[in-house]
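The following pair of complexes shares a single chain, chain A, combined with chain B in the former and chain C in the latter.
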Partner chain A sequence: MKQRLLQLSALAKLSVLELYRRKDLVVVFLLAMVILLPLSFLSPFGVSGASRYVSELALLLIWLFSIMIGLGVSARLFPPEFESRTIYPLLAKPVGRGTVLLGKYLGALAASVSALVVFYLAYALLVGVRQGEWFAPILFQAVLLHVGFLMILTALTLLGSLVMTPSAALTLCALTVIGMLAFGQRLPSLADAQTGPGRWILCAMHWLAPHAEFFDLRQRVVHAWPCVEGSVCLAVLLYAVCYAGLCLALAGWAFRRKRL
Partner chain B sequence: MALPFQHLLVAAGAFLAIAGGQLLPRLFPGRMPQVPGENVVAILLGDARQEFSNVLLEKADEYFHGGAQHVDCGHEWSGTPGDTQKCCSEDEHAHEHDHHADSGHAHADRSLDVWTRLNRRIHVQEHRHTEGEDARELLPWLWAACRMSPQNVQAYENSAYVLDRMLKRPHDALALLEEGVRLNPTSAALEFSVGELALHSLKDSARAEQAFAAARSKCRPAPGEAGENDRFLLGRILFYLGYLAHQRGDHDRAAGFWAEAEEKVPDQVSTRDLRNLLDRQQENERKKP
Partner chain C sequence: MDTVVIQNVSKCFGRTQAVKNLSLSVRPGEILGFLGTNGAGKTTTIKMMLGLLAPDAGSIHVLGGDPRDASARSRTGYMPETATFYPYLNLHELLFFYGGLCGMSRLAIRARARVLIERMGLGEAAGRLLRTYSKGMLQRAGIIQAVLHDPDLLILDEPLTGLDPLVRIQFRDFIRELREQGKTIFFSSHELTEAELICDRVAILKQGELVVCGEMQAIAGDGGQNLERIFLNVLGADAEKGVPA
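The block that comes next holds the complex of A and B.
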């Protein structure tokens, strides 16, 4: 067991190091600053004191960048190993395919979450300085659910990278999560408005596609609504664990059947 | 050998591009697709600016309702027809509204669709209205809506409403409306808003009358259903013109505006209000010894 944990941590550490070696985080962080800093000094019609728009834009950027980083990290877990054939020495070691898959997944998740924590710390600093409100409870809940979202995103992209080409996996996963974030809540009403196959396709999407919008608490954070009930928060996290577990199980099956 | 030739080609191409860019406006003055002095947003987006501007207005509406989208609560935060007229009319009444009885909420919570039920527990379903100093949170979106499309009259009206009524900054609102009038010289609605603001907030009857008169000259309703909104606006303009004439004792002129309103918009509430105003004045005159 201890041996397996050591193997998992070694594999996970590699993915985290990879993210920081490629300086993705620095680039998106600087980009966010370049966008947000001039905006935070805006005083429309000569009236200053508005702050929610900065929070909204900052959270939007956090979501976008976390999706970019999550997708980028998890889509590059296996394809480069297959292309450069470094997967052979890795699998020649006394480590199972399941362990390799889980270790790489945990690494991708850890890398994405570490970037997310950096983003949210910068956000908390921005809100604290502008509004004098430091680390509101809803912010902790937003981070927690955002981690749940990343669990699904990385597992889904990992699965995609094993059954499709890397670019196809990236495109399809990005479309799925962004589409669900934007339209996930409205899928039932959109399905009701359709007739024929369109209705069935939308219904299938509603039941099967990952409900990324469950994890999006931006509205509550920006407009200072109260926290989500604990039981609902737990249910959403359970959904994330189950969905990510299903994706990993399918990824494991695909990895075991893959001809190397 | 090939490299210097390529450099030469690139330099020649760059020279031609720059020379062409300088020459074209001189060769075809007044026939270029862009108007000189137009900003980058106008050049890049063209008519799509109006759509972007409307999206930004929707965002401001969302902020007014505490982040809730597409709320149809009946509490408008922009200048609503009849709302601003109430101080002059008899039909003032309180408006009751139950914010927690949003349609479909209870029904959806009873449905078997677990995902929808979960969504409704995560995303706030009820709404609240932004009041007082909090209204400044709406301004960035309204400002962006005005800047995105200076032809969006609704953006100017809503921004002026927030500045004047919610933030009590009537002079800033007037300056904004005047900018709107300058950029939209044919808009009767903006002139009307200037008049309402001058009358209700600045208590400047002369400025108000001037603006209502300008609005009257610009308001030309089209026949049929297409001119419905303009006819409604004309009715309100005539009410205010009659009211202001009545206030300064020019009863004949007030009666003239009422007659015009009777002719053009006979079924409108504002026409009835103006008639009531003039009837009361006649009764008072009869009662005098």
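The block that comes next holds the complex of A and C.
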């Protein structure tokens, strides 16, 4: 057990180190900061008190950048290992494929979450400077659920990268999560309005696709609404754990079947 | 007991028969040269010995166990044909990573890495990212990671390909040193001169089949043929023209 934990930690650390040394991650990170920080001093429509617009824009950017980072990080965990053949010396060590998969997943999640935390810190700074309100409880809940969303996103993209090309995995996963963020809540009503195959397709999407909208607390944060009930928050996180677990189980199956 | 026992192993990829009914054993403390042309099935055999591929037929035992078991792999070191490692790590980080996977403590990794890095002449470059390394330096990093956890069996897949003469000599000396320490070495190559210089026994593979296996002197016979001549003879006359028969 201790050795398994050491192996997981070594694998996760490797992923984090590699990802932070890649310039593209740093570029996205800097870009986000360059856009977020000046927003602290922006006066939309010439109205200095219209802070909600700024907050909404900042949170939208945080979501977009976190999706970009989560996708970019997890889609490139395994394909370079196969391309450069580093997978052979890696699997020649006394480490199971399941451990390799889990370790890399945890590394990708840690890298994405660390970037997310910095984004939200910048956001908290922005809100603090503009509105004098520092670290509202709803913000903590928003971060927590956002982490839940990243758990699903990284697991889904990891699965995609093992069964298709990295670019295909990136595109499909980006379309899925952004589509679900935008339309996930309306899928049942859209399905009801359809007949024939369209209805079945929308129903299948409703049951199979990850409900990213469950994790989106942007409106609550922007309008300073009260926190979501603890039990609801826990249920949503449990959904994230189950969905990510299912994706990882499928990824493990695909990885075991992959011809080396 | 033999370190590696391969019995009637076959492996197909679609319609291509990569390895045909291969039986071979590697004795403790010897260097076995595993020779063959490109596509002869050497790397496929190695992958099966490492538990990365399962044979379609037959069995493989490494250090008395199934190669897919972690216990066998914890006593096996492997140096891949193309030693490409994580380009965004430096050598120290790479060794801490691999050592961690082998269950070594940080202290043990540090002590062993220091000795090996100095031995292979990478002391000054150890802090540099691996993407800045030359091929020879990467090969040396490759052998360091393979022996880091002090394995009993070392599997080297084409370790000398593309190396300059100085690094070749360094590698050859190091491999001999490992044999003197009692390590068993499985040396896959098509570098016949090198194999002749360091191997105790050789096994020659032709289109997935074992055609010759024995001690260098016994194979050379009374005529004292060199390995290149033996190799050409067993692969057929066409091989002399560069075309495997």
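One rule holds in what follows: the second predicted complex is superposed on the first by the 238 of 260 C-alpha atoms of A that agree within 3 Å, B and C clash if a C-alpha of one lies under 4 Å from a C-alpha of the other, contacts with A are read in each partner's own complex, and residues count from 1 in each chain.
Throughout what follows, a residue touches a chain if its C-beta (ideal position, glycine included) is under 8 Å from a C-beta of that chain, and two chains touch if they have at least 3 such contacts.
Everything quoted here is computed from the prediction, not taken from an experiment.
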item: First (chain B), second (chain C), both or neither touched by A:Ser51; value: first
item: Partner chain in contact with A:Arg257 - chain B first, chain C second, else both or neither; value: neither
item: Partner chain in contact with A:Gly96 - chain B first, chain C second, else both or neither; value: second
item: Chain B versus chain C as contact partner of A:Ser84, first or second or both or neither; value: second
item: Which superposed partner A:Leu217 touches (first chain B, second chain C, both, neither); value: first
item: Overlapping contact positions on chain A, where the chain C interface meets the chain B interface; value: none
item: Chain A-touching residues of chain B, taken from the complex the two chains share; value: 63, 66-67, 113, 115-116, 118-119, 121-124, 133, 136-144, 159, 163, 167, 169, 172, 176
item: Of chain A, residues touching chain B in the complex; value: 42, 44-47, 49-53, 184-185, 188, 206-207, 211, 213-214, 216-217, 219-220, 222-223, 225, 228-229, 232, 235-236, 239
item: Of chain A, residues touching chain C in the complex; value: 3, 6-7, 9-11, 13-14, 17-18, 21-22, 84-86, 88-96, 260
item: Chain A-touching residues of chain C, taken from the complex the two chains share; value: 47, 50-53, 70-71, 73-74, 76, 78-82, 84-86, 88-89, 93, 96-98, 100-103, 129, 142, 145-146, 155
